[in-house]
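Note that the chains are named A, B and C in the order they appear, and that numbering of residues resets to 1 at the start of each chain.
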């Protein structure tokens, strides 16, 4: 996991506690942004309701579309809004900023692995956002609408796994995008385009299953669907049995693939930086 | 002709106290503690055209509040302000077109534009006639040494260059009055000197009235003859700087070069504070014994070669005034 | 005339600054274009399964979208100075005082303060979607409709401007960062992109009679498309757009002037 470090149990435990500490700091930080979180929650509620209205209007008199009932669709609008800020679907600029300002030099000289360092921070942030914005939003949705809940025990068990995988895939993608800053110094422009790409393919606007069949099957296989869409399908129970396993498998595969890619690109990036003189 | 007339000027602020804790926050929704703060409490003064006046006061004394009312940004609670015959906040556009203002460490120019292009924009905004503009730019560039960074974007300037540019910008439209709020704060000695010289020259050659708010008392010492001192919103002193020194100067120093090194050249009424071979520095207080007395006593006992009397630093004087509240209920 | 020239002098400075770096600028516009286009693309993408939104075809929704988005994007371009995110820092950091020291009216300075060209991305996609709507939907054009269309656009522009101005005026009272105000702006435009009858009755009533958003987009659209109001409200409502737009703008400006007076009495 950490290149060049001998992995004894003690060393692993030491590393793990560092990363946990990092995650915890960022999580606590989220708690201080009370006003911002409240404003964000209200925004989520508004847009969730808006999408719910549109979905209800789209369904019209239909009972089922692509395996979704109207209730499913309304629930979907709430779940996606709840997960939005957790997976930072609109963009994540911390690492990009640190590269632009040159802080990256300090970060790279610390005795922590660069990837897991940012990953730990992001997990703290993501879990914090889930707790502060996601859960309250779901609670509000329960009050406002009759939403569904995971149908079987398997789905309940799969849900946290799916959420964690989704957050990890989302992080790995954002990490890769931010890494371009190692070459271009200011990755803001690329970031905007890349994050917009993820936003489009994430399923935030419409459940990916609603697209024409040929499109829907393709869309479900992108890394972007692994971030919010697949966890939503797990929650809704739209995928069952082997379908449930397949969804988790897609997420896991993308997690591994993006991680491997991130490793390669990071190594290349560090080499590039060192050659440039930092 | 009087430029600025201030009569019985008052400014009160309502300060809401936030109560601590959750319960306090709830209570705050219903009724809040309101404190009335009198930032400016009955100021009266007038400034003639062409004067260079220093406006002194400790932090929180009401200086910036006064300046804001003079420039028209803030409306007073009561009292009158007339600047060049206008009420600043009532005729804002007309008033503001005839004044200039520079605020220390703050910037009035456009960040991403070269200095000269900022100037050009100001030419449009203030409707400056082209020949007048060219002449001013030429003169200010020369006096303030702007040539080397005239084409540099404002955001790349050092603080000294920034303040010089802002100062030039404030005068491009030939304002009658120039307000300077801590213009030399954070600058090195050379930059400060440059700005002081410039302000003095502008005041002398163009007759521009200058109101200088500052903490830097060497600014005051070098530029102003008249000072206004304010504390807790009230005017404590309005007069010549030399008078301030004389009345509240505190201790003075007498530096004597003796013909030889004496063991203990003590003298009544003064105490020795420094010795360097035959040079001895004495300090003596105001009022008790005059300088002449002390010199007389010394020359009666010892042989003197040379001597000089040093006035106290203005800083020391003013500090004394604040700390010992010498001007409360006086002046 | 002098005011127009002065506006142009001030704004051209901002334009030059933005166009200095070609590539980032083009990337920016593209990102903005795509970012706002995805909303409609997603809707179009799923339309094969649904065929209508509350009885409206894709083309009709596209027209509605354009009627809301084009004025909104125009407002974003030309009135950026009153954007809450732009204005709030000005007040907090004291730049507003600087503006008060210049012999120019505050509105002039704010309006000329910024002209974010990247928002052309949003404008162009709105025009594109509207054009698509025109292509897909047969409209019985008449002289009245052609004349009324630009009036509706301007009324909607005035309405959106009013929302921004009101939100920014709040800065004079509170130092807190109230991001909620951006929601009124963007959320409002998003809501107006869909036919009002899909929303809850109380929302509809509120946005017709209290904050007359529906009067500047939805009801004129009914007139344009020759659709009857599903709730039987008088046809007159379709023609109240200019009244709604100018009325809200006038109210917002009065509130603004009140806010500036308050600011000058209490300072920062």
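Keep in mind that, in the parts below, contacts are C-beta pairs under 8 Å (C-beta built on N, C-alpha and C of every residue); 3 or more make two chains touch, one makes a residue touch a chain.
Everything numeric here is computed off the predicted structure, so don't read it as measured data.
The central chain of the assembly on a C-alpha centroid basis is C. Summed over C-beta pairs in contact, the chain pair with the top total is A-C.
Taking each chain's centre as the mean of its C-alpha atoms, subunit B lies 48 Å from subunit C. Centres computed as Cα averages put subunit A at a distance of 31 Å from subunit C. Per-chain Cα centroids separate subunit A from subunit B by 57 Å. Those residues of subunit B whose C-beta lies close enough to touch subunit C in the complex are 13-14, 65, 68, 71-75, 89, 92-94, 96-97, 99, 101, 106, 108, 110, 112-113, 117, 121, 124-126.
Taken in their complex, subunit A has these residues touching subunit C: 35-36, 39-40, 42-43, 46-47, 50, 53-54, 56-60, 62, 65-66, 189-190, 192-193, 196, 199-200, 205-206, 210-212, 215.
In the complex of the two chains, the subunit C residues touching subunit A come out as 23-24, 27-28, 30-31, 34-35, 38-39, 41-43, 45-46, 48-50, 52-55, 176-180, 183, 187, 190-191, 194-195, 198-200.
Across the complex, subunit C meets subunit B through its residues 6, 9-10, 13, 17, 94, 97-98, 100-105, 261, 264-267.
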